[in-house]
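The structure under discussion appears below in the form of structure tokens.
In this document, chain identifiers A, B, C, D and E correspond to the written order of the chains, with residue numbering beginning at 1 in each.
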Amino acid sequence: MGDILIQSKNLKKYFFDTGGWLSKQKNIVKAVDNVDLEIVQHETLALVGESGCGKSTLARLLINLLQPTDGEVLYKGENIFNLRAEAANQFKKQVQFIFQDPYACLNPRMKVIDIIGEPLTTHKLAVGKNKEIRVEQLMNLVGLRQEFMNRYPHQFSGGQRQRIGIARALALNPELLICDEPVSALDVSIQSQILNLLKDLQAQFGLTYFFISHNLSVVRYMADRVCVMFLGKVVELGNCEEIFEQPLHPYTSFLMNAAPVPNPKLRNRARLLLEGEVPSPMNPPPGCRFHTRCPYVQEICRVEEPKLADYGGRKCACHFSLT
Amino acid sequence: MVLFIIKRIISSIPILLGVTLLIFILLHIVPGDPVTLMMNDHVDPDTIARVRAQMHLDEPIYIQYFNFVWDALHGDFGVSYKMNRPVATLLWDAFPNTLVLATAAMVFSWVVGVPAGILSVVKKYSVIDYFFMGSALLGVSMPVFWSGLLLQYIFAFTLGWLPVSGFDNILCLIMPAVVLGWGAAGTIARLTRSSLLEVMGNDYIRTARAKGLSAIAVLFNHALKNSFLPVVTVMAIQVASMLSGSVITETIFSIPGIGRIAVNAIQTRDLPLLQGSILFTTILVILGNLAADMMYFFLDPRIKNK
Amino acid sequence: SLMNKSTSKNTLRVAAINDPGTADTQMNTEEYNLPLNIFERLVEIKTSAPGVSEMVPGLAEKWDISADGKVYTFHLRQGVKFHNGEELTADDVVYTVDRMLNPKTKALNTDFFDMIAGAKERMEGKADTTAGIKAVDKYTVEITLAQPFAPFLANLATPAASIYNRKATEAAGTQFGLDPEKTVGTGPFKIKEWKVNDHITMVAYDQYWGGKAALDGIIIKIVPDADTQKMLFETGELDVFNCDLARTQIPYFEGSDKWKNQIVKGPRVGLYYYSINENIKPFDDVRVRKAFQMAINRQELLDKLYFGKGKLVNTIMPPGLLGYNPNASQIAYDPQKAKQLLVDAGYPDGFSMVIASASDRPETLRVNEAVQAMLKQVGITVEIKQMDRASLLSTRKQGQLPMYMDIWSADFNDPDNFIYTFFAPRNAVTRSYNYKNETVAGQLEQARKMTNQEERYKLYQEMENQIVINDAAWLPLFSPEHLFVVQPRVKNFKVAWNGWGDMPYYGISLEESK
Amino acid sequence: MAEDSAVIDEHKINGTAIAEKDMMLAVTGLKTYFFTKKGVIPAVDDVSFTVKKGRIVGIVGESGCGKSMTALSLMGLVPAPSGKIVAGSIVLDGKNLVNLTEKEMCQVRGNEMSMIFQEPMTSLNPVYTVGKQVMEAAILHQQLGKAEAKEKALEMFKLVGIPEPQKRLDTYPHQLSGGLRQRVMIAMALCCRPKLLIADEPTTALDVTVQAQILQLMKKLQAELDSAIVLITHDMGVVAEVCDDVTIMYAGKIVEQANVFELFDNCLHPYTAGLLKALPTLRKNGERLYNIPGMLPNLLQLPKGCRFFPRCESASAICAEQEPDLVDVGQGHLVRCLKYRG
Amino acid sequence: MESQLQAIEQPQYVEESFLTELFQSIKQNKSALAGCIVLLIFISAAVLAPYIAPYDPYHVDMSQQFQKPSAQYLLGTDMFGRDILSRIIYGSRISLVIGLVPTIISMMIGTMLGLIAGYYGKKTDYIIMRTADVVMAFPSLLLAMVVMYTLGASLLNIFIAISLVNWAGTARVVRSQTLVLKEKEFVEAAKIMGVKNWVILVRHLLPNCIPSLLVLFTLGIPEAIMAEATLSFLGVGAQPPMASWGLMASSGKEFLFMAPWIAIVPGVAILLVALAFNFLGDGLRDALDPYLKQ
């Protein structure tokens, strides 16, 4: 393993929801709860997990879009939440983000050329004709027709918008790319094109990816390591191959099991589906957070919270990991 | 929320001090001496000097200001030079009238402005749109002293439906409210229109339509609230301008209100009265803007209330 | 509507532009509608015919003046009751005069009494009483002047000299003139209700010594806008419309079948004039001033801007004023000669000057605009500088105000009210004339002390000739006519002797309309 | 346009008359164009397909090929003013939607037919709580009172697997994660139990467990109500799991249409073949993914012949010249490729 | 394969510049075009005043007082016998400038401060918005009067007076929109890209405020013209014999029944300009609206 590029320590993000008008009721959403994570240079760390478990929140914390409730994020050893101007600028140049929602992150009043070109102009890398050329290049890379340069975001289809976002994130040749479901809106062909592109870039420039996805086949294809989150907590972390072959945490195995298979003949295969009450981050159950749905639940799970323990290079937080 | 209101009110105190200081300084910069103004043309300078001394106008300005603030803190806003009555009484009598007038005008401008804006969106670039745009602009580009006179001529003099002026029943309120609220209605209508058109392009409007809401329902239930932020802001601004800008309306319709008092006060350099009336409107404007800021939270949950 | 249930039909409804602020005339230098109706003075001025007035006994039945013109003895009318039931006594008169001069009162009209012996000391706080006034007995008051002062009686007839009741006034304190209950006079009306900036109601005082008024009361509605007043008048909500507020409506009323017979007019003992500031170059040159006088077509101004309602005046004292000189020399309109004079004075190409204009008087602005065009004909470029009244007055007091047009009407019927007001050395500065003529200055002081009226008027006319014709220090324009339109039900409406809009309403009656 | 639809009112598709009663949706010759300054964009060009009651039809295709526009056309929500349905008929349960007035259409939308939009973030009104937005449809179409509607919304939230549904009713969209928003959208669309559900990538933002749950839910509701679903997706896995029939679109046109088993076994169109080849699978790792070379053509300047020809590996000279028709190769398997003509 | 692709693509991005695009979409909008034409007429009247005015606008001829509109005096004469048409033509010089300059100044100040207040929030917001409160609380008429009394009545001071009063409203409106906009994801996207704050303000927030600003601007013009009229009415506006529309309209009030044309003609001129600007504003709004881009 190489050097640690970015690292989170005891990272917490709680959302305090004051409720409505004059209402005293307060909800605390523990979106990210005590997460320690390391991303090593040149690797792809994939993050999977139930939707709403805090993946986007974690990603946003890593890029200093949200102020953490507690904990710190170290980028190349420096806490990103109190970088000085020059370093902050450098950080913003080296770390890029692909948003989960492709449309909301595009200014509806800007043309595509300006959107993709914005990081270039911001960091004074290209202007005028140069910018145009670079934007064309980027658009070609992500499979967008360069003639659409002068269109506005709303004139594109969902997948095309997603690609605009990707092109923008690639514009600066970042070191670390945080991708929040970058390919979910793309058809398989474009998806493989983008995935290939990301892989090529990694091979060529040694990029590091933090890759959030629900599509396990994509994760399997992309990731070196996989991190599984459940309700704000990391429940399993390990080598991609191993996790797919032999999940340790029951939740992980459910995930693997639930993935759809592109073969209609297998549609009636026996599948384990999660039962039981869906736990909520507003009111997480005591003990193991997964216990309400876990088929292997024991008494201890209801009371004691399992620690993230080491299983020969892999980590898992379960009292009875499936070894 | 309650905390927020209290904080805002406390933080308004410096503004009030600022306003009074501003008036104080301005009135001392402006040429013209209140005593000279009070006096008959053939009064000799000795008398003037004597009266000035009696009114403490010969003291240094900061002492005068300090005295004013000190007295004001004790609820004493002084006695009007011109009207000889305590400022507080004068304002207390005049204020309800202005408030009633401004409220009526506001209600008029909302009741007319918002629907007009909506209608001109529904029928964009149609005769109705042009009609509302025309009337809105008529309200903005017609001097109040004209529109007042014209309404009086038509509705009071020719048709005899409404009283010419006065302020003792609800009928009397109609014309002044229209005159004062017309321009505001125009602005509201135009702003509602543009803001609505802006919002109509959003995806959630499509979602609402997909639910089967009619175009009108979509407009009212989904677009309006989203588009209301600038409109509410402007409404709050208009509260200010209606309270302070009602002079001409009050004059034309013989309404004994604050606006007239304030303009008279500045013309006669009646410092205590001017201070008092502006302080009054300032408080109202602050409250109006506070209301608007609170409306923001209500209108858009994304605005963080901190 | 102006009437509410409790108001009788027999109430005269008039309008005023401003709220008078206070009825206390010692504290008020402009608004006299209330004092003229609720108070009375020792001497009154009666309008005998339009523009003609005479001094008549008021609260004083008769008076004696000592031979040296310094001691005035007034014999009060007996049995006069104040609104609070108190009888009028000499002590009330002493109290009234002393109150004005008492520095604690902060009175604004002290100049009407400051010629009384001991007034200065009283005003400066060096004395506790006014030496020159005393009650001889219950109904006799004696006033001693520091020096003979010819216009003294006329002075006493001004609203400022209204007589108050000691008991009521002392009890009222600062509320005197404000609180209807506490504002007590002897006049034919008393205040019943006062809503500031809205309206004031007066009702007839049944025990008025001259007999109860024919009107049940008067309601003064504060209507700041002239057009609104006109509209109210036409819809029958006001009984009187004062055309001075909207002269441009005169042609309308005169052309209207309904109203043309309802116009009541009277001359104004007063005149429009242009001041000339001799400190401002080149008006230090008499030729320039004469050119200025001649370049202005006063007849055209009167005809076009005032619809011919008035009379050209060539003097300082207007027609109707005692001492008015109908045979004064004319100021001709002669632009050619004016140009010549400017050439003589060394301004062949003219010059630029400033005319000040009070911003609250659109009427004077119009005259100024017309004059601007007229002066342009003789090569003078005029810049009209609009100033708000406060700035204008304070600049004027410093003697630095440029030319301005204004109107002056008589407070009391005496030449002193005009010539002294403008041309006494100190006033000539504070009114921005900066007129310096030793002879005239001496003559002004002398005239004040003269007791022979005929000779006194002669002297004034002499001064007038010197100032207007020889020194060209003043440009009289015209004496306007004051028009009122009244509802048919209003009877016996007369324009006040001096042409004021404020007037006593006693004597007016209303005819019940069918 | 009116004349067009009159002609097509016969509900005839490719010459085969289809029995009225088990037909839920029949789209015939649908053309939705964008009129821009630079020219006309045929985003949906002559699309025809049918959905029988109780069936799920999947629409798959390259991103930007006109899937969402087809869906929006069905809903009558093509973005005005530049977009317009220029031809075709859309018959829902015997009613030609193209002929309906806006008012009648309002009765259909959200009630008989509803849609889950692709972008859950921007498709929810930011200033209302999600509960209110779900209740709205119920109040409108089912004449429910406020309280009942709230019950209903709560029930729906539970069904789509939103944790702590009670509390979530009162949250605003920006406080929810992408997946939660998408589930809210789904709840909203299913709330009135529509006869036809159009789901535009309903599960992209969901993790697989929730996805499986939602798909099951959709199937269950469909079975209960005998309704039909049009499912737009990129996920071939999802297609394989739930769809009965599949339509493949490319550049505004349908290129292949078949039963799901037939399609996965025996896909005919080179584009479809490419798609299946490009799938990453859970099993294989390491080698480069296949992707179809080239890009979707610019709809403004479509190539003369087959629209897929520039990217086609098995293209021949004629493909550049002649535009292929959609031909039936048996058992309702349609394909638009010159290889299969005649 | 690649070569085939190239063959199909004709190079076709001859994109028009922003301005030509704007111009074209306005040209297509009938009412905006009408607005443009009316404005052009007024502007050329202002520029060419000495050549097209039939009479000297300042020439007083009392004998021609109150002439009805006729062949000789197309729009009649006023109380001084001055030709109203000529005065309107000359007046357009002042009134257009008064309508535009202070409005532009106050919009610029207000927009800037509003953006800053809304975006930075906290103390900055507090200071700016409380200042705006003070300005708004101080009756605008009074503030303007005080400025004029103190500095004297002149065109420049009218600008100052009106600008001083009007910025606060714009600032509040812009701030209110900024408050919402700054929470949007595209702003976040810009932030993490390292876009400087002021660039975010100008490039991302400002364009999204444009529609409201256009409304405020187009309505601000007649308001400024009217504000000048009110100031003139109080004697502190444009100085006679200068002819500003506001002054003409207000001084004509007295003759509204006797010689209505004196007041109505300048009133109509103001209305026309207001309409023209508003039509143009609507056109611009549509032209800048990406959703309406064809």
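Keep this in mind: a residue touches a chain if its C-beta (ideal position, glycine included) is under 8 Å from a C-beta of that chain, and two chains touch if they have at least 3 such contacts.
In UniProt terms the chains read A = Oligopeptide transport ATP-binding protein OppF; B = Dipeptide transport system permease protein DppB; D = Oligopeptide transport ATP-binding protein OppD; E = Glutathione transport system permease protein GsiD.
These figures come from a predicted structure and were not determined experimentally.
Considering every other chain in turn, the ones in contact with both subunit D and subunit E prove to be A, B.
Think of each touching pair as a link: the shortest run of links from subunit C to subunit D has 2 of them.
Between B-C and B-D, more C-beta contact pairs join the chains of B-C.
Taking the mean of the C-alpha atoms as each chain's centre, subunit C and subunit E sit 47 Å apart.
Put simply, the C-alpha centre of subunit B and that of subunit E have 22 angstrom between them. As a whole-number value, the distance joining the C-alpha centres of subunit A and subunit B reads 52 Å. Touching two or more other chains at once are residues 101, 103-104, 108, 147, 154 of subunit A. Residues of subunit D found to touch two or more other chains are 79, 119, 121-122, 174, 295, 298. Chain contacts: subunit C has residues 227, 360, 388, 391 touching two or more partner chains.
Residues 227, 246, 248-249, 251-252, 300, 303-305, 357-360, 362, 365-366, 368-370, 372-374, 383-388, 391 of subunit C touch subunit E in their complex. Residues 63-65, 88-89, 92-93, 95-97, 99, 101, 104-110, 118-119, 122-123, 146-147, 149-150, 152-155, 165, 168, 172 of subunit A are the ones touching subunit E in the complex. Interface residues of subunit C facing subunit B in the complex, by the touch rule stated above, are 1-2, 4, 18-19, 21-22, 24, 27, 29-30, 103, 106, 108-111, 114, 123-124, 174, 177-178, 195-198, 221-225, 227-228, 231-232, 234-235, 237, 360, 388-395, 397, 421, 426-427, 430-431. Of all the residues in subunit A, the ones that touch subunit D in their complex are 15, 17, 19-20, 27, 29, 48-57, 100-104, 143-145, 147, 154, 156-160, 162-163, 181, 184-193, 195-196, 199, 214-218, 220-221, 240-241, 244, 254-256, 258-267, 271, 273-274, 278-283. Of all residues in subunit E, those touching subunit A in their complex are 9, 12-13, 15, 184-186, 188-196, 199, 203-204, 207-208, 288, 290-291, 293.
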